[in-house]
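Same chain, two partners: chain A is paired with chain B first, then with chain C.
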Partner chain A sequence: MIKKGAKSRQPRNLLFLFEALSLSLLFLYQWDSLEKSTYITAIGLVLIIYLSNFLLLKISDGDQYIFLIVTMLLSIGLIMIYRIDEGLGVKQLLWISIGILTFYLTYFVLRYIKGWRNWGILYLGLSYLLFLFTFVLGSRIKGAKNWIKIGGISFQPAEITKLLLIFIIASFYSNKEKYKDIKYSNYYLVGIVYSFIALLFLQKDLGMAVLFYVIFLALQYIYEEDRKLIFLNIGLFLAGGLLGYVVFDHVKVRFVTWLNPWPYIDNKGYQIIQSLFAIAEGGFFGTGLGLGHPYFIPHADTDFIFSAICEEMGLFTGIGIIMLFLILVYRGFKIALRQKNKFYKILALGISVLFGIQSIVIIGGVLKVIPLTGITLPFVSYGGSSMLSNFIALGVLQVASEDLGLEDEHYEIGE
Partner chain B sequence: MFNILSLVFKYIFIIIIYLFIFSIIRLIYLDIGNMNYDDTDNSAYLKLINKMEDLPYKISEYYTIDEKLTFGRNQSNDIYIKDPFVSKRHFQIIEDEGDYYLEDLDSANGTYLNQEKIEDVVKLRNGDIIKISNIEFLFVNK
Partner chain C sequence: MKLENKRIISVLIVFCLSFIGLVGYMSYFQVFRAEKIKQNSYNKRLWINEENIVRGSILDRNGTVLAYSEKQGDEIKRYYKYGRLYSHIIGYSYREYGKAGLELTYNSQLLNINENSAINEIINIVAPSTVGNNLELTIDHGLQEKTRNLLKGKKGTVISMNPKTGEIYSMVSLPDFDSSRLKEDWNEIAEDPNSPFLNRAIQGLYPPGSTFKLITTIGALNTSNLDLEYDCVGSVNVHGYTFTDYQGKGHGHLNLKSALVNSCNTYFTSKSTEIGRDTLGRVAEGFMFNNKIPFDLPVKTSSFPVNENIDKTGLAAASIGQGKVLATPLNMLLVASGIANDGEVVQPYLVKNIVSKDGKMLKTTRTETLSRGTSSIMADKVKDMMIDVIKYGTGKNGSIKNVQVAGKTGTAENASGNSHAWFVGFAPADDPKIAVTVLLEEEGSSGGRSAAPIARDLIIYALNNIKF
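Our next item is the complex of A and B:
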């Protein structure tokens, strides 16, 4: 069916076809209000995605699938955002271009600067600094105080902190021998992570708190030799969740609307019920692009984008998105298994868990499978800072997919 | 006009998305298939006994032996290992009429075959263990 040597050309062409078709459909949809700049950016994007998929094969001898999968997710998300709001769509285009640039930047920086695993303290300091900034300069959006506004650009520092967390954990476990002399060094790590989670709780950023916790637990489960620490961790989480339920009102609301949203249809349960209606309305094949009513869904461009996609493009597309995430996470684990450098192994593992959990938390949330927590769907939702941080994570994963050896260790050469 | 197009396109989109997923899974499947063959089926090969993670340098799990295989710290060797206990040119394995012979190349720390330090050229048998420093290889010749 396919000739050898041209193997990766097929999905690339399919992606190109998908983008070309959907963009032309969207232009037809907004024919009257179409501006020339939009037109140019859209063509630019298709070219950027096609070219970077092509270029990556030349630059990197690592994994060639993760970037392809991600660009497909990007395209689906972008089309939906553009259909909901053209202005946002154009902005998203810009963010995607910046994101792809960041991806290459991360790739080269990580590839050619050594010693990342020794800078644990730096990552730690940076994380606390970002938290401090959020508390001092932060503004409240959607009930959570987790945004900084600088010159009209909103920015969510926790998106960067989640990557720093993975770096901190990776640097800790790959330098295990160094910390062996310090008593209870692994308890310090637990303390640090819990301080992050507590700070996120104070910002009312529940989704991110869950994400941090699960990443930590997954990596700890794999690398911690002191098994009772893991049980302690799970116990603490249960206790913390219970305490949160009793003390914080917004945790309670999430639980109540998860169990039965119908009595609160016009206030607390409005979001989740609109999401369910939208998915039901779409059916298996959807209403067709531009023919549904995604305006009824609150935050249809960010947290609830999955419902909006299900409504207009059908449940099959929704299942497709889940499958894309599945193969992305599968590739991530595969990369982690093959990587010999322990630091990058842990990084790859952490990032795969991050993508997996983040998509589970939000897709499960909008489907009312688990309590809803506001978090973006990686690569699909609108959002500058989440796009950037996800692309940085992807860049790290790309580096980890290559054969790095153990360059960090220096061996004296003697006869 | 738009409505009709949109209705048609929604099916096309789903088909494209699934074709895309299918083609990627197919590529991944081919990738896994390639790994399993790993050209170790006919010829003799060395298998690393140590766990790869325990060794702090770049090393593979399998090395096939064609006519000749050299081992050392220098990059010109077929297997090169950045270990201070390994000499620049440490040992070589030479094939002759279906048999394989191990020869130490005057290395500083010696080559051990089944716990014994070798002095001369030794014929290798299936299941022999070659030890250099703390690295152990299993020789397999079916």
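Our next item is the complex of A and C:
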């Protein structure tokens, strides 16, 4: 315990140093118009992050790094968001605080309530319910009908559904014996996942659809014994993508502007080209905080935050963010490899894949490596629902990093 | 269990490779692509500076202001005092239409923004400039006006330069447009079939016609054992194709000099086989054919078919500047200048000095040699022949009392059916101060009749008025 504490103290201090430096830059940038909110945000950020890292060490004997990595990502994101819009920055700090509380809540709930792997049907029902809500109460934001508004707070149900999907798949593959007698049970799973993807397609939420698919494909690749099902899955997706391209205009637009956005510079290619301008302008070291032009980038606080960061903090910070995600995914996979409890093992894998593919899809998108689909950069972008769902996921990963033995199985036998 | 973990690791590897791929692409993008993307005129960052910095003025060689900017309230406005006269030199700078001409080439100097070094970036942040630098051109405003008046009503281009220093004194290409009325005229200019945006002096490629015989003459002088005598009967058959002389008249007995003076097609076509593609190509490339001419504005590259398999007919056509030979008028000016300057081709330039707002000289352009076209002995021989072209030959209309002019005319056939009229030359022949190229596009008359008088009037004005 002591040794572990010493090991993570050093990166924690480095994180503190990074925050102190970038916050003083922020102070310099706003020197003439320093407001109380800036101080509150600064002190709040340092306090929350330092305390929560410290606390985690006392509570969990699992992985000590994933939370540190995430807090680094949070810091970079918050500073950028605050620089773009002070009000939004204060709000983001609030979301971070709620997110961290949710993280601890998730941790304790998961740790002390047993039987999660047996409630597959419940997760499934909940998922469809959330989809139903979206269609009935949904409102359009940025062309996609994937938000619901309850009491003034906008919420994106798919952020929760993506976690439910991981739980559904985990509970299915960890309960193999139970489903053995049901013929074609694994085909049912394919059907369920595809129904999700189809629903997301109808909401025009392409980014999320890709996320769902990759999570499913990765877990299926690892756990499906019927190997030809994987090829079927890939084939189905290609066919579906082709159909989507022909039928849905919004799919075609994404594809065309990916291949060559320049002819559409002032209409459908506008967003991606503004992103490329920003990244190109930043160079290796960036223009410096406050010296770039993030207001030229559409949605610089959410989907395109990576471009805004590259412009002001430079290519090296961009590479740093990618590397942070790489370590996060690596730690996640390592946790999965060590975990003996199959349900948690699959959960850990699913969550690692989620973090990995979500960051690749959006970073690749704004770099024009792959077609652009609007999703958030986990822990960096502004946004309440994605912050909450990502922290729930991190909480699950934290639990999965602990030695759970085979107690879940014992519990079931005891039933 | 083992298999499961193996698969987990392979998925992990896929993710790691994807992340590393992203890092690799980002680096590639930054190193190889970013610079070009940044310069796109849709990048609003390029115009941010524009709103705060008073763009520098552009002046002629005598200090006459040609373009300047002025602050009007919050806005900075650019004025082109002689919008039409300098449309192909100064160009324009508009938010809506982008930039062209010297406004584009010297954008960062005009705005005084230092680029691409850490120290300069700090300077830009700490002490951002509010006034840009001025450009002093090599152009003589009086001669520029004279040149445009001489060309008025025609389609084509006239350029004049100092053959020893490379200073461009005047450059006019017609049709042109009005830099100061771009907003009002944009659609009209863009739709005009005569393409007023095209700077014919540097962006137009034309068959050089008989002016190319200067190069063939040097090629002949460089060919040992070549019989320079010839009997001209008005037409000759080279490998199955008949070349005829202007108006089909025979010139009788000729040597190299009288052949050039009379611009005899049959002489040069029949000698071309012996001169050969390689010798002719070497001379042409010495005068910058197939080479990029460095200039303050983008220049198209003239071409001579050195690597193509052309037959004897093709080579014969090339030797009189037809067929596969194409040249920009600027390149033909360099041919004349090279001969005037003892065989040495100097780099042409438009911007003489870059001067800061407080009068500090930031950069001065010096004369640089581009290539050696030919030896000074050969240059002298050709110069003598060019003097006789004006005295007795096709270029009589170019002659000036009291001043010895050297020149060569050209009448180039082309697809339009109306021939281009050419004249290249320089004066005074014994100590050349100015070299001229005149090209009248699809004029339908000979270079001697229509192009040579323009050159003559230009030279008279220049020798009387320019401070060399």
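Things to note:
Just so it is clear, the second predicted complex is superposed on the first by the 396 of 415 C-alpha atoms of A that agree within 3 Å, B and C clash if a C-alpha of one lies under 4 Å from a C-alpha of the other, contacts with A are read in each partner's own complex, and residues count from 1 in each chain.
Keep this in mind: contacts are C-beta pairs under 8 Å (C-beta built on N, C-alpha and C of every residue); 3 or more make two chains touch, one makes a residue touch a chain.
These numbers were taken from a predicted model, which means no experiment stands behind them.
Annotation for the three-chain superposition on chain A: chain B and chain C fit side by side.
Once the two complexes are overlaid on the shared chain, A:D61 sits clear of chain B and of chain C alike.
In the superposition on chain A, A:P11 contacts chain B only, with no contact to chain C. Contact with chain B, but none with chain C, is seen for A:R331 once the two complexes are overlaid on the shared chain. Once chain A of one complex is fitted onto chain A of the other, the partner contacts of A:M313 are limited to chain B, with no touch recorded for chain C. Touch criterion met: A:L28 reaches chain B, while chain C stays clear of it. Chain centres taken from Cα atoms put the angle at chain A, between chain B and chain C, at 120 degrees to the nearest 10.
Of the two partner chains, chain B and chain C are each touched by A:L291. Closest C-alpha contact of chain B with chain C, superposed model: 6 Å. Comparing the two interfaces of chain A, the one with chain B and the one with chain C have residues 285, 288, 291, 323, 330 in common. Of all residues in chain C, those touching chain A in their complex are 4-5, 7-9, 11-12, 15-16, 18-23, 25-27, 29-30, 33-35, 37-38, 40, 42-45, 48, 118, 125. Remark: chain B residues 2-3, 5-7, 9-14, 16-21, 23-25, 27-28, 30, 52-53, 56-58, 73, 82-84, 87-88, 108 touch chain A in the complex. Those residues of chain A that touch chain B in the complex are listed here as 7-8, 10-11, 14-15, 17-18, 21-22, 25, 28-29, 65, 68-69, 72, 76, 285-291, 312-314, 316-317, 320, 323-324, 327, 330-331, 340, 342, 403, 405-406, 409, 411-415. Listing the residues of chain A that touch chain C in their complex gives 218, 221-223, 265-266, 273, 276-277, 279-281, 283-285, 288, 291, 293, 296, 315, 318-319, 322-323, 325-326, 329-330, 333, 336-337, 349, 353, 356, 360, 363-364, 367, 369.
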